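Look for chain A in each of the two complexes below; its partner is chain B in the first and chain C in the second.
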Partner chain A sequence: MTGDGHRDGTRVVAVEGLARVEGEGSLRVEVRDGRVEEVELRIYEPPRFFEAFLRGRRATEAPDLTARICGICPVAYQMSACAAVEDALGLAPSPGIGDLRRLLYCGEWLQSHALHVHLLHAPDFLGCQDAVELARMEPAAFERGLSLKKLGNRVMETVGGRAVHPVNVKVGGFYRAPSRREVAALAGPLTAALDEALATVAWVAGFDFPDVEADYRFVALRQPGRYPMESGRVASSDGLDTTPAGFAELVVEEHVARSTALHARLDDGRPYLTGPLARYALNVAELPAPAAEAARQAGLGPVCTNPFRSIVVRALEMVVACHEALALVERYEPPDPPSAVVPEGGGTGAGATEAPRGLLFHTYDIDPEGCIAQARIVPPTSQNQIMIESDVRRAVEASLDLGDEELTWRSEQAVRNHDPCISCATHFLDVRVHRT
Partner chain B sequence: MQGVVVASVGNELRRDDGAGPAVLAELLDRPVCSSVWCGRLGSPFDLLGLWDGAQLAVVVDAVRAGGTPGEVHVVELVGLGTSHGSDPEVDPGVATGTGAAVLAPASVSSHGTGLVEVLRLARSLGTAPARVMLVGIAGSDFGHGAGLSEPVRRGVGEAAEAVAGLLRAASDASCARDDGP
Partner chain C sequence: MSEQAPPTLAVWKFASCDGCQLSLLDCEDELLALAGAVRIAHFAEMSRAHVDGPYDVSLVEGSVTTAEDAERIRAIRAASGRLITIGACATSGGVQALRNLAAEGEYVGVVYAHPEYVSSLSTSTPISAHVPVDYELQGCPIDRHQLLEVITASLAGRRPVIPDHTVCQQCKGRRTVCVLVAHGTPCLGPVTRAGCGALCPSVGRGCYGCFGPVGGANTEALAAQLLAEGLTPPDAARLFSTFYSGDEVFGRQAVTLRRRAEVAGTREE
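Now for the complex of A and B:
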């Protein structure tokens, strides 16, 4: 639903229920005398329940409990939780376990990106109200997206035991390592999926994109020799290079009255952006060959600062996920044992991994009995909130000549560019754009 | 039976939203489930591909239906109105069932793609099951925390029996078709 008002020269655009985003939130934009005066992304994210809920729980429960934060990116929460607890306990799983975790993450990237590209984002560029219209207009492309998502789920089931809230992940590794045969069965589908992902890049690269450029400070993981997913140091486009623990100390979160989510900045007071554009900018040299060629053909330079073209980068990351998964499948040897032994005791640790939407970091204080005394979980969307609002402001300023309906759509689109995961339990958005 | 899917949706750490998984857990030990696909899903969207061409799909979930918490609603999704207008080919008929119509078109998001929208998508793609039934338990508390509210917990058994009844009926119909005239 939309509403608009024109009073006293102020233009107000209101959208009751942001469509095609994750979760529950609203957007309010006020334009006065031709200037954007106010942009508020109101997140009705539930209060930091999980941070409180984890206190007193055993640290080894963190992966299973935090996975429930998100039904679309549970692996990200599990991986960041494992990384943080293992950092606290001085535990270093074997490279084989690391590879299996990376394979699991490939599955999550594939299913999440396939879903966002086809169900949520592509309709914007094709003038479709929703995915049903897109499915009618572009049935082959839509079926291709469903196929990619389904394969992502299958990878998650094979490694994680279940696509929703995987049950095979534990601190130290896995409860069970899938057999060579189980993993080898993924090779054929992944080979086909690589071609499907490349076709998706070509498809989305042909969309019409608004000519928008933003000055982002990008923050993402860096992993020498590979595109980052499950591990790495935290880097920024202006020279930051630190550990997850070091990064956690730099992030300052403040509560904003209009929202239950916290706004994040680095300690210099400046906001930053995480996610596919950040990963691409900071790791373009690590793209596997098929993805690098696809990026070149798509017209992406070494850095992409047009948030509308994030759909191309997400499609590119599906190519990365398929390529990486195939390489991991082809050299897979079941790690034995499937998990490192978790030592007794406590400590303080931090872990950061790249959720589909961006950097997700956890920090835990664990007491000598192995229970969590303090937890901090910072999702990518809360880190991106300030930049999302900034993008909406920029998009509205560039679109003031549009009628209210189109301006509302452009405002929503500016939010959807970032694939926000506002909350993982409810699903409607309320957008109000007020013009006066 | 062939082509029968039973799927639950829900998050056990959002109180009554865990009703779907609870019903599925109670159902899984019953012999009627041995020949059907039973599992839990992250969202109704995951039904796409899973239920393609099935004779019967049963979705079990907590619902916001008004009325009495814990009340079990059994609804056949025969047809659905949409916010974008009706399409006779995609949205035929009306929802029927023992309970009040509990579904409304929801905005599409990957976390919250509603059953209505998923069924519309499936029909657009020509992959929808022959019949789709929703077994819903009216919830009252969707806040954070583990554990169902007492009324919903009491409704789990009735919901499981409702699903089992649907499966028995489908099995009987399948046997009748196989026997033939």
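Now for the complex of A and C:
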């Protein structure tokens, strides 16, 4: 699946079928006379036209339909869809519903980050092809990863009814609030998981990191007093501070030939990065105490600009998820009613939440009969594509002394640093379907 | 005892959300045992390693939506002993098969940048529309316990034991109060294949059919009942056209209801 070679003083790194990412993409890097001439992250996963078939559907169907964009982060889609529809309809669910949503989201962060850190990303640092090899080398770390992932799924099952494509989420809140007893049963496992997550931070902080620093413009949600997840304003490292609706207006998407995912920039033409590095840099002051201490011990400063160290930040966010989930479980009161009543009528609204791999926003125009007239969904990987390509360029330039096989692997790793979800990123084209 | 090479397993992705492949990785307790019992020859979501075919068992997620993928599935079929499709996309076209129901030219008016960069078929079709399939495991998403049963059964050379009754029966088994009878909540439980554990009624919502139609489903009778309960024809059509609209039974019922809505002059999608 992997090829590379030299011709006419030109060195080409080519990866067909990127592994250990969600979805289908390939990578091609061309180096001439010691300089990277071209980097192409090609996304060829076929588009699925969600924005087209959402039109004419009930706005209340958006959470279930858009969940199917991604099986790894369905809660992110459900939460952003709910937030956008509720914004459009002027609906404000109770704080208790907000807390239950945050608990559900903690489960997804834990599941998705444990999958990426332990099964998809760590093998790169240990020279393994996959987690099965890793399990032989580091059985304790592998087992810990599975245990964290399993607990993430259990939190999602308890609150959402199912780990992949939860059934209990609706516009306005939940169909049913889980009982106190069901939620309390999570406390013991979460307490143990907090220690496991801390052990994982220490484990990944000890990996060897290539010496690569990038000058990112970070974009993430920000909310006073809380590490961002299910709500907040959109902030950037260069001073942006706006609502999700305001942010949606600033994002310009460009369709380039090599990708079925759109490339996003802000309206000044400059790209930006979303995801764990961005959340961390913009919200370091909101880290709960055990996470702040773990960050200090891991040697993370207030900002981390080495993309290879994103695995440490992701592990740190598992600490955040366990700590937050535990706090939410301990003070849990079933929200009554479990859902706000959805008003009749239409409107326009935007919603943004923090998917495990970065900011995910939806905007909807809803007609007076409650049906979607226009939908726009901008997933994190499509926002990160430009930065991923420039990261690959930087990583290759810093590693030209490596042999071909190692250089190829290093380039792949530079992509995996951002936990790209290609299945998510590709479904947002408005395209003419030719019928014959 | 002679050393016997373990059977090879390959996992392939077509147009899909990755959730059914993830269900394999969600078998946390069994993952290592599985990796010991088979040689995982291709599973891009999990491993960089790739071994060329032939493969004893191929699991296929996703539907066919491009001409290239229609070719690719033929090559995979040729290289596979048993080919098992997993999930609604692979078995019926998935949520993206909603494009199949779109009226001619419905997507044409949509604003786009460069359609010439993208090649896509006008339909999303199940794998079985292109090549012979040995077993189809249903669900959006599939149930991981059923997935393990299907893998175990294929390795042992027997038929998988997967229930072919309705969500409704499973729901009765859970002693959940019937949401349709007691509350008039629209529910596809009477016509939907069991497998999820009758989750939706257990949280007080109606089944939305994410495991597809059960064999012999009488969707027309259920549709009549839903309309009698006050559901409008367009909403009933929407209920039958979500994740299994590419399936003949649900898809046809959705189209019938849409026509009824048009005839009645009610607002159509």
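Everything that follows uses one rule, which is that the second predicted complex is superposed on the first by the 420 of 436 C-alpha atoms of A that agree within 3 Å, B and C clash if a C-alpha of one lies under 4 Å from a C-alpha of the other, contacts with A are read in each partner's own complex, and residues count from 1 in each chain.
In this section, a contact is a pair of C-beta atoms (placed from the backbone, for glycine too) under 8 Å apart; a residue touches a chain by one contact, two chains touch by 3 or more.
The shown structure was predicted, so the numbers you read here are calculated from the model rather than taken from an experiment.
J.: Would you sort A:V164 into first (chain B), second (chain C), both or neither based on which partner it touches?
T.: both
J.: Thinking of the overlay built on chain A, is A:H255 touched by chain B (first), by chain C (second), by both, or by neither?
T.: second
J.: With both complexes overlaid on chain A, does A:R154 touch chain B (first), chain C (second), both or neither?
T.: Touch partners of A:R154: none, neither chain B nor chain C.
J.: Applying the touch criterion given at the start, work out whether A:R102 contacts chain B, chain C, both or neither, answering first, second, both or neither.
T.: Once the two structures are laid over each other on A, A:R102 reaches no partner at all.
J.: Could you tell me if A:E412 is touching chain B, chain C, both of them or neither one (first, second, both, neither)?
T.: A:E412: touches chain C, not chain B.
J.: Applying the touch criterion given at the start, work out whether A:E369 contacts chain B, chain C, both or neither, answering first, second, both or neither.
T.: second
J.: On the A-aligned overlay, A:H116 touches which partner chain: chain B = first, chain C = second, or both, or neither?
T.: The answer is first: A:H116 touches chain B but not chain C.
J.: Regarding the shared-chain residue A:R58, is it in contact with chain B (first), chain C (second), both, or neither?
T.: So A:R58 only meets chain C here.
J.: On chain A, which stretch or stretches are contacted by chain B in one complex as well as by chain C in the other?
T.: 17-23, 46-47, 49, 53, 65, 68, 70-72, 74, 115, 119-120, 129-132, 135, 146-147, 149-150, 153, 162-165, 421, 423, 429.
J.: Which of the residues in chain A come into contact with chain B in the complex?
T.: Contacts found on chain A: 17-23, 46-47, 49, 53, 65, 68, 70-72, 74, 112, 115-116, 119-120, 129-133, 135-136, 139, 142-143, 146-147, 149-150, 153, 162-165, 421, 423-429.
J.: Could you please specify the touching residues of chain A with respect to chain C in the complex?
T.: 1-2, 17-24, 45-50, 52-53, 55-58, 61, 64-65, 68-72, 74, 115, 119-120, 123, 129-132, 135, 146-147, 149-150, 153, 161-165, 167-168, 170, 174-176, 254-257, 260, 262, 369, 371, 409, 412, 421, 423, 429-436
J.: For a test of understanding, state which residues of chain B touch chain A in their complex under the given definition.
T.: The contact residues of chain B facing chain A are 11-14, 17, 40-43, 45-46, 48-49, 84, 90, 106-114, 117, 120-121, 124-125, 142, 144-145.
J.: Within their complex, state which residues of chain C touch chain A.
T.: 13-23, 25-26, 28-29, 31-32, 35, 40, 44-50, 65-66, 69, 94-96, 98-99, 102, 104-105, 107-108, 110-115, 117-118, 120, 122, 124, 140-141, 196, 199-200, 202-205, 208, 210, 235, 238, 242-243, 267-269
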